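Both complexes below contain chain A, partnered by chain B and then by chain C.
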Partner chain A sequence: MDLLPQLLIAGVVIGSIYALAALGFVLIYKSSRVINFAHGQIIATGAFIAFALTQKGVNFWLAGLIAMMATFFLGMLIERVFLRKMVGEPIISVIMVTIGLSSVIEGLIHLTPFGAGNFGFQTPAVLSGDGLNLLGTQLSRTQIAGVLAALGLLAGFTYFFNKSTLGITMRAVADDQMAAMSVGTSVERVFALAWAAAGLTAAAAGVILGLMSGLTLGGLAGIGLKVFPVVILGGLDSVAGAIVGGILIGILENLAAGYLDGLVPGGGTREVFPFIILIAVLLLRPYGLFGTKEIERV
Partner chain B sequence: MNKALALTALISLASFASAKDITLVWSGAVTGPTSDAGSSYGKGVEDYCKYANSEKMLAGVTLKCVIRDDQYNNANTQSNFEEFVGNEQIPVFLGYSTGGMLQIKGTVQETKVPTLTASLHIGIIDPPNNQYMFLPVASYSENIVSLLEYVAKKERGAKVALIVNPSPFGRDPVVDARKAAERLGLKITDVQEVGGNNLDNTALLKRLEAQGAKYVINQNTAGPVANILKDAKRLGLLGKMQFMGAHYAGGEDLTKLAGDAAANFIWVTSYYMYDEGDKPGIQLVKKIGAQFNQKPDVIRSVNYTSGMLTASIAIEAMKRSGSTINNVTVYKALTSMVGSKKFDPGFSVGPVTFSAKDHVGAETMRLLQADATGNFKAITGPMQSQMFKLIHPMK
Partner chain C sequence: MPASRFTQTGNYRVRYQQDQTIFATYAEQLSLVVLLLALLLLPLLISKTLLRDVNMIMIYAVAVIGLNVTTGYTGLINIGQAAFMAVGAYATALAATKLNLPFFLAIPLGGLAGAVVGTFVGLPSLRLKYLYLAVATLAFQIIFEWTVGHSPLLAQGGAIILPPVEVFGIKATFLNHNKVWYYIILPVLVVMGLLWRNILRSKHGRSFIAVRDNDRAAAAMGINPGVTKLTAFLVGSFFAGIAGGLFAYFQKAVVIEDYGLHTSVQLLAMAIVGGLGSVPGSFLGPLFIVALDRGMGGLSNFMSERQIFPPGVDAATALRPLAFGLSIMLFLIYEPRGLANWWRLSRMYFKKWPYKF
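What follows is the complex of A and B.
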């Protein structure tokens, strides 16, 4: 079997998960123009809540749903307590708050039994059987479920932003806060909802990642940084961009690993490749493939 | 005169206090990279230290059992070492990471504080500045060479791939592995670096398959190896490739994470397994674990046993130091732990021996293979690598 189709399919699988992890960045940026550097830590929080519940005997699917609800409210809480006070402050201050939050959340996780060590979900029976052979590439049921969940959530949020009143309101706030406020939109409510939705998707990403590759604090929190090239490539304010960016980065990582690692002593090109793309995109198209090009009149 | 008397009394009092309280410190990764191994290891050190106090192993001495998280950060290791040597005059230091240990080698040599490490990097006890550095068990290099010897016995001329952690810990045995493979008539097809976050290993495994690699040896921690095994199972490669690993790659941690994908994994280690309940060392591990309310998965981890071995060596050396416990007497006790004075607490498959020239404690290892239920069973008896002594003689 030719290597190329296998690399492409594996790239789409992993890229879908990247897209879901990147969605949280997009949701917050799209409505509030804030880049949340604590997103990886929220992903880890969601994953460990679900894991802790399964350890207490809660059904895996129910544990995942509870974790999503928990991070939904965590996102809302973070916005209410920390971010709302920062409205109107310089962007660097807001960024520093999210960096500080990442340290605080990570520190709090360290106080739990999940701060150190490797953990793994017990794979649910329905995901344990034979998977699917697609063009010679064997996909596990866990991978298929991960891709379906990721694409389902991404499709849902695309619909939400394009068709629902609330989604359009969120876009309006992102576009012009003052104009949105002048027509009676509650900007605070929109911000809170964006953070809550980002928290919800973070838990979903964390649970899927944990199911596929185990749970470590470093690994889950690190995903927050790893998907940064995805949102830069796709465009920070575009759900469609997150999907395309995620899949493109997943494929490019796999192509690098398949064809370049053998040429480089020790390999590891897949770790570097996304960041080369990130630099190139920032130089050539700073607003990404699908991001909004901002034009300022002076 | 009165002032002189008071000063003398103070010094005597201080000496008396220091003779009663001795700090046993371990500095390692309780959090951060490789903390999957480090957290259990640290608990092993701490619990054995507390057990030594409860058993009054050191007459008239209470050990202060200190666990310091260095977060796998070399600078933190260095500052922990300097703090405890400077402030507490510790007689022995227990360290952890390869990078941290290589960084403090020079300072250890200057301060002459014997240092036992969790890292089994052979460079730690190679010159220069190696006089006070000790490995509790056989090195990673010796682990990997023994696996290559096993492969050569099974299939001369076999193609072997190495997957290593992208760190000094992972890269350590590569040079010795290449030398050994050449002498053993094996072909190393590839050396690839894989760290944590290896969400998908399709490209890596497919390339190794295309190269014809039949044996894949891992020098890594259990997390990344588990992901590789799960992907190998998904791709139908477990029957085509024999996966193997050095000390930190295997054990309960691996089977817990990889599930049935860990079946048939071959692992080399110097330690007894939790399931070998007839071994006195394992009985002690279980007893101490229960005494200090450790969770079952911590007690089952080989890293918990490893931490206990290291602490037991340090405490035994203090015990053999007699009435004066300091870095000089501990060093002397360690380097005379040979022949009739060998030390065998029962945690490792062979006794711990050190001398002025030999700084590897338990040099014997066994190869174990995971069965379908994830338990590792010995497939060889205790052994030492003959080839390793030829390609890397102790200096």
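What follows is the complex of A and C.
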């Protein structure tokens, strides 16, 4: 059994979830220049809504869809109630509002029985059979389905941005708000839609992650922090960057876990390695692989 | 100069020297002296648990002052202040346990260690701005926590026990720990507060503000923005290091959980609720956040006695972040200038009373 292909495949699996989570983050940043510290908590909310529904006997696929719709409206609500008021405020205020929001959502989740403990979805029958053997690595069906779902959603969103009128409108607002307004685009609607789409992808990421590795509040909300290395590497305002960055970070952290863990007392390099990459990228190429290069001397 | 230096109804400063003074009137000086005397007597009046909270508030106030220097006055968003505190705490703990230094040397050493590390971490601020700097300090916080957790020298993030201190022949014991430390922390806070106030009215303080408001304009006026930003990090993390050293001694042990990302966020919240870039805010913010936390603790005890929540829900873990987050958001949306603004308004009211306008 070779270590390298195994690590690469595991990296792509987790990386596609990072990519999906980062997509929502980038959507919000791209349209409204808000950096969302509550993204991990929205992911957790989506996952727990789906889990609560399956507990009540709802079919897994239906529960996932309902959860995605729920976070779609949650995203819209957050934008309307809190972020709309912060337009034009200093960055530190906007950051702190999303940090406050993350704290509030976490508190609300603790009010439900899902705050503490470890939960797992009942694996649907289609996904419980034998998996696939790829280059000597055993992949379970849930993992394959997770990657396919993540990649499918990413492809869908890319198509949406490139071909649909609404997607092009959103890109126009991201590019130049003034110009977009002057041709009659509703910037507010685009902000709301960006948050809604972010909520939807967050729930999808949460459900997929929950299916693959169980549901804990800490684990799901922790993705919200892992998103930072991904988006900085890919470029804060680039959808393609989120996808490439997500998969790259997934691979790199698995490589670190495979090759560096033995060298460090206690191991666990996968938690810290993405952030070392983050610092390196910030110092060498702050706009990331695909981000817009802002020319400015500090 | 006004006719009376006891009361003033407006700003009578006409010369630069006057503008540099800290206190405009004798009344202000007098009220500060009265406040300090009252604070000296405070431990005789309040219970031990309350005194513990007061000590915590004062330690946090030192760290929040530091955060105000970097974030409030210089505009460099710092989500890693708790890590700088941890640097100070670990340096203090190592100095006290390995070198057997007394606390009055170990704590300043912690402050210096914080300042050195802070300046180093501040280096990216020469290249990065706004959010990018925020993300960089966030990454530093996470990398630092992880590194401590994997260092055998630092007990892998577990407890490093500090020896009890002795001041003027009085040994801090289990019984008088809070009182002894109150009388150590209070003078430190006063000295640090005065130090900060003096930095603010100096050339450095004004260049912090100039760089925050517009770094290019500041550069055009002959201020070196890079050096100013590094100075801000140096000063801010020095305060954090001192706070960390105090916290280590006060908690009797250093544990990495005390200095996590959560603490950094809490410090930022204190600075914002108090009012970013204001002197009274640095004291009011910690007071508000700690009081809120204790209040929520009390409320959740009350609620779990009445069994308002279903079993399996811990009211305290739910209500604390809920109230914390809500108060940050409400302050930012409805009172971005924080408690310091209320303080200012109430002072104005009494100054002008009974004339409203």
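Just so it is clear, the second predicted complex is superposed on the first by the 294 of 298 C-alpha atoms of A that agree within 3 Å, B and C clash if a C-alpha of one lies under 4 Å from a C-alpha of the other, contacts with A are read in each partner's own complex, and residues count from 1 in each chain.
Simple rule for what comes next: contacts are C-beta pairs under 8 Å (C-beta built on N, C-alpha and C of every residue); 3 or more make two chains touch, one makes a residue touch a chain.
Keep in mind that what you see is a predicted model, and the values were worked out from it rather than measured.
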Chain B versus chain C as contact partner of A:Gly291, first or second or both or neither: neither
Touching partner for A:Gly268 - first (chain B), second (chain C), both, neither: both
Partner chain in contact with A:Ala116 - chain B first, chain C second, else both or neither: both
Touching partner for A:Leu108 - first (chain B), second (chain C), both, neither: second
Chain B versus chain C as contact partner of A:Gly241, first or second or both or neither: neither
Shared chain A surface residues [contacts with chain B and with chain C]: 110, 113, 115-116, 265-266, 268, 271
Residues of chain B that touch chain A when the two form their complex: 29-33, 35-36, 38-40, 164, 166, 171, 190-200, 202-204, 206-207, 210, 221-223, 226-227, 230, 234-236, 253, 256-257, 259, 295
Contact set on chain A toward chain C in their complex: 35, 82, 85-86, 89, 91-93, 95-97, 99-108, 110-113, 115-116, 225, 228-229, 232, 236, 264-266, 268, 271-272, 275-276, 278-279, 282-283, 286, 296, 298
Chain A contact footprint on chain C (complex, rising order): 71, 75, 77, 124-132, 134-136, 138-140, 142-143, 146-147, 149-152, 156, 215, 225-226, 265, 268-269, 272, 276, 309-310, 312-314, 317-329, 332-333, 336
Partner chain B, residues of chain A touching it in the complex: 3, 6-7, 10, 13-14, 17, 110, 113, 115-118, 120, 123, 131, 137-140, 143, 209, 212-214, 216-219, 222-223, 226, 254-255, 257-258, 261-262, 265-268, 270-271
